[in-house]
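Consider the two complexes below, in which chain A is the common component and chain B and chain C are the respective partners.
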Partner chain A sequence: MDIAYFIELLINGALTGMMYGLAALGIVLIYKSSGVPNLAQGAMVMLGAYFAWIAAAQWGIPLPFAIALAVVGMFLFGLFTERFLLRRMVGQPIIMIVMLTLGLEILLRGLGPGLFGAAPKSLDIGIGLAPIIIGDVFINRSYLVGAIVGVIMIGLALLFFRTRLGTKLRAVSDDHVASWSVGISVERAIAISWGLAGASAVAAGVMWGSVQGIDWTLSLLLFPAVAVVILGGLDSIYGVLVAGLIVGILGSVIPGYVDPIVGGGTRDVVTSLIILLTIIFRPHGIFGREDIERV
Partner chain B sequence: MFYRLSGVHHTRYETARQIWPVPTDRRVVYILLALALAAPLYLPDLYLSSYVLPWLVWSAAALSLTLLMGIAGQLHFGFAAVMAIGAYSSIHLARAGVPFELALIGAGVITAVIGTLFGAAALRVKGLYLVMATLAMQYLVDWVIINVPAISGGAQATLNTPEVSFLFMPLSGTGLYYGALLWAVIVTVFVLNIKRTSFGRALVAIRDKDYAAAVIGVNPFKYKLLAFFTASFLGGISGAVLAFCYYQAVTPEQFGFNVSIQLVAMVLVGGLGSVIGAYLGAGFVLLAPMFLTNAVAYLAVWGVLPLSSSLLAHIPLMVYGLLIVGFILFEPLGLAKIYDNIRKYFLVWPFRHTQS
Partner chain C sequence: MTSETAQAEAEPQAATDIVPPLLRMSNVEVAYDKVFLAIKGVSLELNTGGMVALLGSNGAGKSTTLKTISGLLAPERGAVNRGSVELRGRDILPLPPPARVHLGIVHVLEGRHVFGHLTPDENLLAAFPTRGRRERLDELREQVYTYFPRLRERSRTKAGYLSGGEQQMLAIGRALMTEPNLLMLDEPSLGLAPMLVEEIFGIIREINKQQDVGILLVEQNAAAALEIVSDAYLLENGHVVMSGKADVLKQNPDVQEFYLGGTGKVDYHNVKHYRRRKRWLA
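Right, the complex of A and B next:
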């Protein structure tokens, strides 16, 4: 149990955590504006990765433009999802909304591999495989890039909420009726938040797709992303940053020491325990806003 | 005409309290029961054991879940884990030499106790957070089952069910079918009647608003836990019956997270809180993809569908997703509501309107 092993787990865990944050960002964006828990975010990450892969590998578009094209595609996909699915669900019980997004997840999980082939696709974004070596510590280069992208995206999201449009979104997240009464189009704000969630799903999909290949398993990112979101607070962007680090580090360090003893699979247990303990002790998460229920 | 009634009009409390206020409904149920009892006589073994039997057991499981989600209003996305606990407990009890009848009840009690721990989360949170908490518990239970060799018998192991007899009848052949049928009937009678008891009404009060229920003297703490206890008991035995009568073996994959989603889909597609809905939903969610897979394979053999093999392989998954989305969008009250509309139409046919 030398210290270099621990530091390696710590750093790679933190980097993975930032990449989880990338996938979790979309859930927060949507929940913040409309109160809808988007459990289809995992499948949207998968779809974003497929879009980027089609543009880059099938159509031969240079990578930056391919990603830009995928962002546009997923933005539109988000808009359409909101317009045709979620807008009809306003006022329905939460179970219906949860199940609708889960149904969408299942649909996309069939549609993606069905249309583009089930074999994993590789997406080369020009990051070498050689690890960065600092002293005795090996750092995975793609995780590092992914984490940087994650921090940038979270920073952009924070900045976005300071712009004029972002201010509108914050108003909508505070109170729908009050926003209507001052002339903010709540529908458009929610639609934009779905579009942005789609766009952030492309970032997550490209980074994760370059690490582990593009197939339906990308949608399994939903589970750690949900842990990040619950721990950080469903409506907090800062929460994604902090909780991403916590989930990533715990999900790397604990399995690093426990897995050899119990024989694997501890990461899911750590993630489940994080969700469970958060909900039992602090349901609204670290930075989330506490719900006040009126009878 | 068909029901020989002009709407349902109650003049006495006794009639309003009946399970079947319309005599024809009761007769329909008797006919269905007779058909189910005689099914081995007229259905080929293949249909009986691979379609009807799982449908009955899944209906029982969906009924247990609808008791929790539809009547008590506690969302549960880890019900497959509950069934897994029941299946594994019953198998281990039966292997230890406990008579099968007692093993079933023992499995139910073990599951109910563990399932009530699931419910402990319900005391603190509800709605979305309860969904997430039960979802996390599903993963935890899965992991414990897979990684504790004493339960699963090893990492990739399959535990075969031992030969057992139920009430001195060996559980094999058509006995399997009658075992599943008996369990489905027991659960159905239980859930049908629970709505008429004070317990059921307390659960409904909790579902509608737990604060308001507390104000009128229904203890939310007690009844939420009781709801989890009852539903887990039924769900655990359903899992055991599923293992013994249908799979005749258990592996952890039979009770994964996808199965939890499938159960919730059954309840929602059928109609939340409806007994007939649980049957219709279980049948629809279970059998529609089966028939669809067969149909797609059939068409593909004849070359009618010029589609790639990967697309064909994923069509059932897509349709399953579409089914969930479609039902929630267009008929949130589920198949039970569709049935109800048809029934109401015929109740007063040839006239158009009815009061109830």
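Right, the complex of A and C next:
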């Protein structure tokens, strides 16, 4: 067995995993404050990438400002989604809300290419293509930068939930009525979490968009992102970090050895197996909270 | 000269007339799902710094009355059909719950409802206004821990793991973080040992005295409640059937029979009949 090949799969898998984490973060942000599993996050990542591309390539705004503009745009998109779609669903069964987000995902997947053209757009964020070579191991430079961004975003999310606003958001996820009773505006808290999920989608969209180009396939990130949040626990930021690594590494190492034998496509199988096995054996995920039962 | 003194004498008189009570609820009717009438024309009043109990059996409409005041009817599909609720003369019915909290109304829910996955420290922080000053936060938190020293010891445990009594203390302390003028407590004695009930009621009285907070106390434990309040309202089937000074109510034979466990000389053979006759049906 070629050890360098293994290490390469391992490292690039870990880096990819952190980038999955970037996409998964938005799902956790929303779930942690409103208890809604947002299946539209994949399309929001795609939309975030389109926004950044329009600002940078179409309007010629320098990249950092273009990304900032996209963040603002997606924050607003998140706010509007909550205001006009989710708020109407308050008190409805959770399955209706899940279906609503799924519908939004499908709608946006269709609208994106429709509005911006189906051909993949390239977004150059100034990361060279040459791999970093350590010994015999080739490391993808874009993945490395993406992973660093991922870790930074996860760290920011952790810090955010310790602030006053973040504490209020966690309170809202615990108990809506109690939050109202002490003056927390539940609607505003949920709107903010959607806005933040939109903003984090830009980070994911830009990083993935620079790697694989911007088109509707970016929304397929929903699949590994869902695997990450299910394995890590829907409401755990640490879970995103750890499960991101696991999903990334397994999704890289296993296909690295099995794909040549079966002819490809193992990665999706691995991802689905992770989802299925987690739900069967540990429904709350690794760090997901179980409801506290006091004896 | 004479006219001036007359004016000076008249002024305080006029002032008491003009200053509205802290809370005035007049003739309020509330229905759930537009069908089920939970309270049918309840009126009550509470003065600044006053302490009033709302007594009654299950389903009498006590909790609904509190939810009407705090605005928490909507999540349970309740709505006010008629009547008014005023805080210091201001109509509060159109306001959403958080706006009412900013005006100084806070509702400690039945069953405590602490944020179970947050520590007591975080529970208190969550109830503090986002834009409030840091020093004020520390002051208020210190005050809560002075009232409830037990919470300080457990300030880093998740609130879901606290005992029932500690959770009740936390729920009251959390409400105090909003600096209320009107503190509404729904069944704070529910499921607690008698010793603990006494302790918590003592602290409620202290809060009332030290901070000049008006307190509206809903209780099934009428004996304990009547010990600490000045006035009480008796609710039955959504109506106020009796109200007055706590001392007077305590002496009322009907109150003793129904809420204070009787006089000990009940003829059990006739008890059912007696109860039926004495119920205040509308």
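Going forward, the second predicted complex is superposed on the first by the 290 of 295 C-alpha atoms of A that agree within 3 Å, B and C clash if a C-alpha of one lies under 4 Å from a C-alpha of the other, contacts with A are read in each partner's own complex, and residues count from 1 in each chain.
Going forward, a contact is a pair of C-beta atoms (placed from the backbone, for glycine too) under 8 Å apart; a residue touches a chain by one contact, two chains touch by 3 or more.
As the structure is a computational prediction, the values presented were derived from the model and not from experiment.
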* To do: With everything superposed onto chain A, say whether chain B and chain C fit together or clash.
  => fit
* May I ask you to decide whether A:76 touches chain B, chain C, both, or neither, giving the answer as first, second, both or neither? => neither
* Which touches a greater number of chain A residues, chain B or chain C? -> B
* To do: Considering only the touch criterion stated at the top, classify A:279 as touching first (chain B), second (chain C), both, or neither.
  => first
* For A:268, select first, second, both or neither according to whether it touches chain B, chain C, the two together, or no partner. => first
* To do: Identify the partner contact of A:170: answer first if only chain B is touched, second if only chain C is, both if each is, neither if none is.
  => second
* Could you look at A:152 and tell me whether it touches chain B, chain C, both or neither (first, second, both, neither)? => neither
* Considering only the touch criterion stated at the top, classify A:132 as touching first (chain B), second (chain C), both, or neither. => neither
* To do: Taking the C-alpha centre of chain A as the vertex, compute the angle to the C-alpha centres of chain B and chain C, in steps of 10 degrees.
  => 90
* Asked: Is A:183 touching the first partner chain B, the second partner chain C, both, or neither of them?
  -> second
* chain B and chain C, minimum CA distance [Å, superposed model] -> 17
* Pick out the shared contact residues on chain A: the ones touching chain B in one complex and chain C in the other. => none
* Structure fact -> Seen from chain C, its contact residues with chain A in the complex are 70-72, 75, 96-98, 101-102, 106-109, 113-118, 122-123, 125-130, 158, 160-161, 174-175, 177-178
* Structure fact -> Listed in rising order, the residues of chain A that touch chain B in the complex are 37, 85, 88-89, 92, 94-96, 98-100, 102-111, 113-115, 117-118, 223, 226, 230, 234, 262-265, 268-269, 271-273, 275-276, 279-280, 283, 293, 295
* Footprint of chain C on chain A - complex, ascending -> 91, 164-165, 167-168, 170-171, 173-185, 289, 291-292, 294
* **Footprint of chain A on chain B - complex, ascending** => 69, 75, 120-121, 124-125, 127-129, 131-133, 135-137, 139-140, 143, 146-147, 155, 209, 211-212, 261, 264-265, 268, 272, 308, 310-311, 313-325, 328-329, 332
